[in-house]
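Both complexes below contain chain A, partnered by chain B and then by chain C.
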Partner chain A sequence: MKPKIAFFDFASCEGCQLAVLNCEDILLDILELVDLVEFREAISEKALRYDVAFVEGSIHRDEDIARLRDIRARSTYLVALGACACNGNVQARSNFVAPAVNYAEVYGEAARNRVQVDPEHWPLWAHTRVRPLDAVVKVDAQLRGCPMVPSEFLHLVKSLLKGTQPDFPAVAVCTECKKNENECVFDRGQTCMGQITWAGCNSVCVNNGYVCDGCRGILPDANLAAHLQLLREHKVAEADIRSRYRLFCGAEPIGRGV
Partner chain B sequence: MSDFLASLTQVQQWISSLAARYTVFFPTPHGEANYRFTAIGADDDVRFAPYRPTITPPVKLLVPAREELFRFQHKEDGDLLLSPSVDSSFRVIAGVRPCDLKGIFLMDLFFERGVADPYYLARRENTAIIGYACTTPCTDRVFCAAVDSLDHRQGADLFLTPLASGEILVEANTERGIGLLDSTDLPPCEDGPARKIGAIAARPETYGRSFDADVQSLSGIVEQYWDSPLWDKHTERCFSCGTCNLVCPTCYCFDVRDNLALDTVSGSRTRTWDGCMLPGFAQVAGGHNFRPQPAGRQRHRVKRKFEYLPTKYGHGPVCVGCGRCGRQCTVDIDIYDIVHDLIEGGKS
Partner chain C sequence: MSEGGKTYTIDVNHVTRVEGHGRIHISTRQGTVETVELCITEANRFFESLVKGMQPHDIPWIVSRICGICCVGHQLTAIKAVEAALGIQVSPQTVLLRKLLTESQFIQSHVLHVYFLAVPDFLGVKSVLPLAKSHPEVVKRALRLKKLANDFTAVFGGRMLHPMTATLKGWRMLPKLDQVQQVYDRLRDARVDLEETIRVAQTLTIPPYERETEYVCLRHPDEYALYDGQVVSSDGPPPVPAADYRHVTNEFTVAHSTTKWSKWHREAYFVGALARVNNNFDQLSPNAKQAAADLGLKVPCYNPYMNNVAQVVEIVHCADHCLELLQQVLDTGLTEEDISYTARAGRGAGACEVPRGVLFHEYEFDENGRCCKADAVIPTSQNINNIEQDMKTFVPQMLPGMSCEELTLHMEMLLRAYDPCISCSVHMLDVQFVD
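Our next item is the complex of A and B:
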């Protein structure tokens, strides 16, 4: 029987699901091998159990937690799809500001004052903490990045079809960047998150003249003290360092720790 | 074999003209402060100076960062079809400095001895190398003289030495080298050996950084260290990114992976550069890691370059002193400093 595959999303731009749809040259071949039972971006079908659930987005509200746990309970294998699901992404920056302040910033003071006295609207703004999926449920695999990388998605799909262990080496972006023989960002007088960031993106940002902003999350054994010292030595202001660490990883220890 | 004299312009034009006939790689400026060995066109400028070591060494053209080894297909009747992907296209690498030439010379040993590597050897046999002598240290990081690579010449089909007169001495060391000169009409040089000695004598007396120890004594010095705080000292800021391995002219370790097609019965086997400073390098099946800490990995790396491989192959340090690893490490961990500290520590 074909494995049942489903896609779900929480707080996200759904760009990672679009990235899946963008695997056009192989997508139809994949669909011959799996049974796609839930995918809001593409179909309206539903199912009770899933062999593999791809979950995009970060977790904000209590009802998100309940829904994610339900998906987990109905899934054999759960994949965190993209930076929001893996490390919280940019929305985790809101963790550092009181919810009422964020709400007023987006919807204005009048709207904020109204929801504060209207219990019907309370859940809309009372979320208190942005979390990656693994802060709530067990996650079996992570497809990192903003957006996720199609070649990693395909590697995971093939591994699951074959029944082999998918392999996402815990090496730094620098490792791939050197294989691509890029000029080091530091040689261009800029600073970079590449030394402490999970590789797998083939250093795409540096290949294209930008720097690594760390969208793929921090490596498990990253030398954070050395990186902090390095940024300071390169005269990056403390506020900018904080902003840098919180850009994609505000929900991770590195974002909370500075 | 035979020596010729040429002007710098003649040599530069000749290399450009080779690019019209062959794939020619040459150190080309890249970005704001770097060089890469890049395939040049016949109209491209060929300049030997200014120069600093390329981001990755020219041996990348013999062992690419990623290469397909073979394709496979499991047939339904149980047969396994294999088709190797050996690259035997002809190429010229020009402007190879002595340090990188020594690197290729050592790589030749590593890939020939034991189980010979057909992929490396196919490329190597079809690669012509045009070396170029250094006259002044190319950066303040180099220590090529201290590890005996500054005067390395072996492995080059042609070797170019800039002379004080402004001319270039062209040494042809192989038939293939002479063949590459067939489009030129360079006058022979009768006193080549004397001119080479003159060019060496004209170099600065202290060339780059030096060790306070004889090159022959280095492996014995490094051998004395196992448990030492020096390994911790030189990894305190290490990111384990493996840059030092990946930019090294003598690092040859690779990892092999299968890339399955969606049918899960066919695919390709590829290899990619690996490095002993990477956290998972010494991790084995079951999850045990023999060198879980950066300090243990650094010790292994330094001992490979200065103790294990020199002992095994007998060609001196397997570090050519190009300074790439130290310069490209964003936290300035320099193998020169490590060996320097080991030498100093042994004195007290």
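Our next item is the complex of A and C:
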């Protein structure tokens, strides 16, 4: 029987689901091999059990937690799809400001007050903090990056269809960047997070003239103190270092300043 | 249902085939409409708050993440706003490349919307998937056009989603001319696919509901305005520069709702493909005008369901215009430019047309050149008030002749016709439509 596959999303730009639709060359072949039962962005059908659930987005509210736990309970294998699901992504930067202040900033004082006192608003408005999926449920695999990388998605799908575990080596973006023979970002007079960031993107940003800002998350054994020292040696101001670490990794230890 | 009139309660949770989370709630009693509600259930991400403290060049890179489908539009609008704040001037080459980048995303977004999100309704299926069996040539053509548009974005932006090459002043890495040539060749050869797209659109039965409203978009003296222009309205006021966008959007809070809505001269206004085609029809390419004629789109058009048709017309226009622009790039070549800039205090706004309508961003920087204030007004949040007005007008017209299921489908189709992008709509939590 074909495996039942489903896609779900929480707070995100939904770009990672779009990245799946962007696998045009192989999309129809994959759809021959799986039974796509839920994909709200593209289809209007629903099912009760899933062999593989792909979940995009970060978790902010109680109602998100309940919905994610329900998806987990009905799924055999759960994949965190993209940076929002894997590490909280750019919106985790809002964790450093109290939700009430964020509401006042974006919606005004009256709205902020109403959110605080009106119980009818709590399910939708009770924003606590931005978390990745694995802060709430067990996650079986992570497709990192903002956006996720199509070749990693295909590797995962092929592995699961074959009944093997996908392999995402814990090495730094730097290793891929060296293989691509890019001039080092530091030698160009800029700074980079490629030494401490999960590889798998083929150093796409540096290949295209930019730097690595760590969207794929920080490696578990990364030497954070050494990286901090490196940025200081390159005369990056403390506030800018903090801002940099919180661009994509606000929910990770490096962004939280621990 | 009760005697003497229809009593329905329609609740569509997690509306499908739209970008982001929304809920439609309509209740009717004895044939009269009691409530029409469109609730936005998307969780907040506080973009305007979280960009504080960022360096100027980080802002377009991060706010691109507001939306996957219109990431290029958010990025370029933010770039223009930051440049306005810092007093940065850009070269004609940079403007040329930005136009190509933005129009590549128009083609991508419109193809996706027309084929994947809207056409299934018209053909009576729940998604594009069954069409792979019943209409394989349609699906393959859709994928071919989408891939062309995505590859086009990747050549100019470095990748399809959240591009990294476009920045303040110019390009971190210029497109390779051999790849530009390939895009040109493929786009030229896509003529057949575009003609077939028009033919498919001709077979769609558009619900015949009209409501005249105010149509708002950018207009440029020299061309069909997508990358740049001043804000104009079908109600005919003098054009408004981007810096004065608040005169247009007039965001306001509805009683008992925290959501900011927009209105200009009337109770609501329309942004998006139909507004642009209505206001700037004279500047469309000859092929696009012909497509409009073939599809029965006569301006001014007051049927919101025709927005899908207007998107097809714009796909044709963008393909024609991009061929001209690509030829310019191939003729003149590209030159490396200095993209260094100095951060300083300042405040500036930018406006671009994006596939769903006109988009405004504004940023302010402190004396250290770090962001201290931000604002974004998104096409979907401008349209939401107009969608409510449409629903209020159409539901009583539809009610006598339609079953509950038909009415639900027509409301979902109406919402999808506007191609709403709810992830984008940072202002839009908890929109309440109370009749």
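Observations
Definition applied: the second predicted complex is superposed on the first by the 250 of 258 C-alpha atoms of A that agree within 3 Å, B and C clash if a C-alpha of one lies under 4 Å from a C-alpha of the other, contacts with A are read in each partner's own complex, and residues count from 1 in each chain.
By definition in this document, contacts are C-beta pairs under 8 Å (C-beta built on N, C-alpha and C of every residue); 3 or more make two chains touch, one makes a residue touch a chain.
Remember, predicted model here, so these are calculated numbers, not experimental data.
Within the superposed three-chain model, A:Val34 lies out of touch with both chain B and chain C [touch as defined at top]. Look at A:Arg61: by the touch rule set out above, it reaches chain C but stays clear of chain B. Of the two partner chains, chain C is the only one that A:Arg114 touches; chain B does not reach it.
By the touch criterion defined above, A:Ile241 lies against neither chain B nor chain C after alignment on the C-alpha atoms of chain A. When the two complexes are overlaid on their common chain A, residue A:Ala100 makes contact with neither chain B nor chain C.
Of the two partners chain B and chain C, it is C that touches the larger number of chain A residues. By the touch criterion defined above, A:Gln91 reaches chain C but does not reach chain B. In the superposition on chain A, A:Pro147 makes contact with chain C only, while chain B stays out of contact range. Within the superposed three-chain model, A:Ala170 lies in touch with chain B and out of touch with chain C [touch as defined at top]. In the superposed model, A:His227 makes contact with chain B only, not with chain C.
Partner chain A is touched in their complex by these residues of chain B: 30-34, 36, 55-56, 60, 65-66, 236-243, 246-247, 257, 260-262, 264, 272-273, 275, 278-280, 294, 328, 330-331. By the touch criterion stated above, chain A contacts chain C in their complex at residues 9-19, 21-22, 24-25, 27-28, 31, 36, 39-45, 57, 60-61, 64, 89-91, 93-94, 97, 101-103, 105-108, 110-111, 114-115, 121, 124-125, 127, 146-147, 204-205, 208-210, 213, 239-240, 243, 247. By the touch criterion stated above, chain A contacts chain B in their complex at residues 26, 29-30, 33, 154, 157-159, 161-162, 167, 169-172, 174-175, 178-184, 186-189, 192, 194-196, 221-223, 226-227, 229-230. The touching residues of chain C, when paired with chain A in their complex, are 14, 16-21, 41-50, 53-55, 58, 61-62, 65-69, 71, 112, 116-117, 120, 126-129, 132, 139-140, 143-144, 146-147, 150, 158-162, 164-165, 167, 171-173, 253, 258, 260, 370, 423, 426-427, 429-430.
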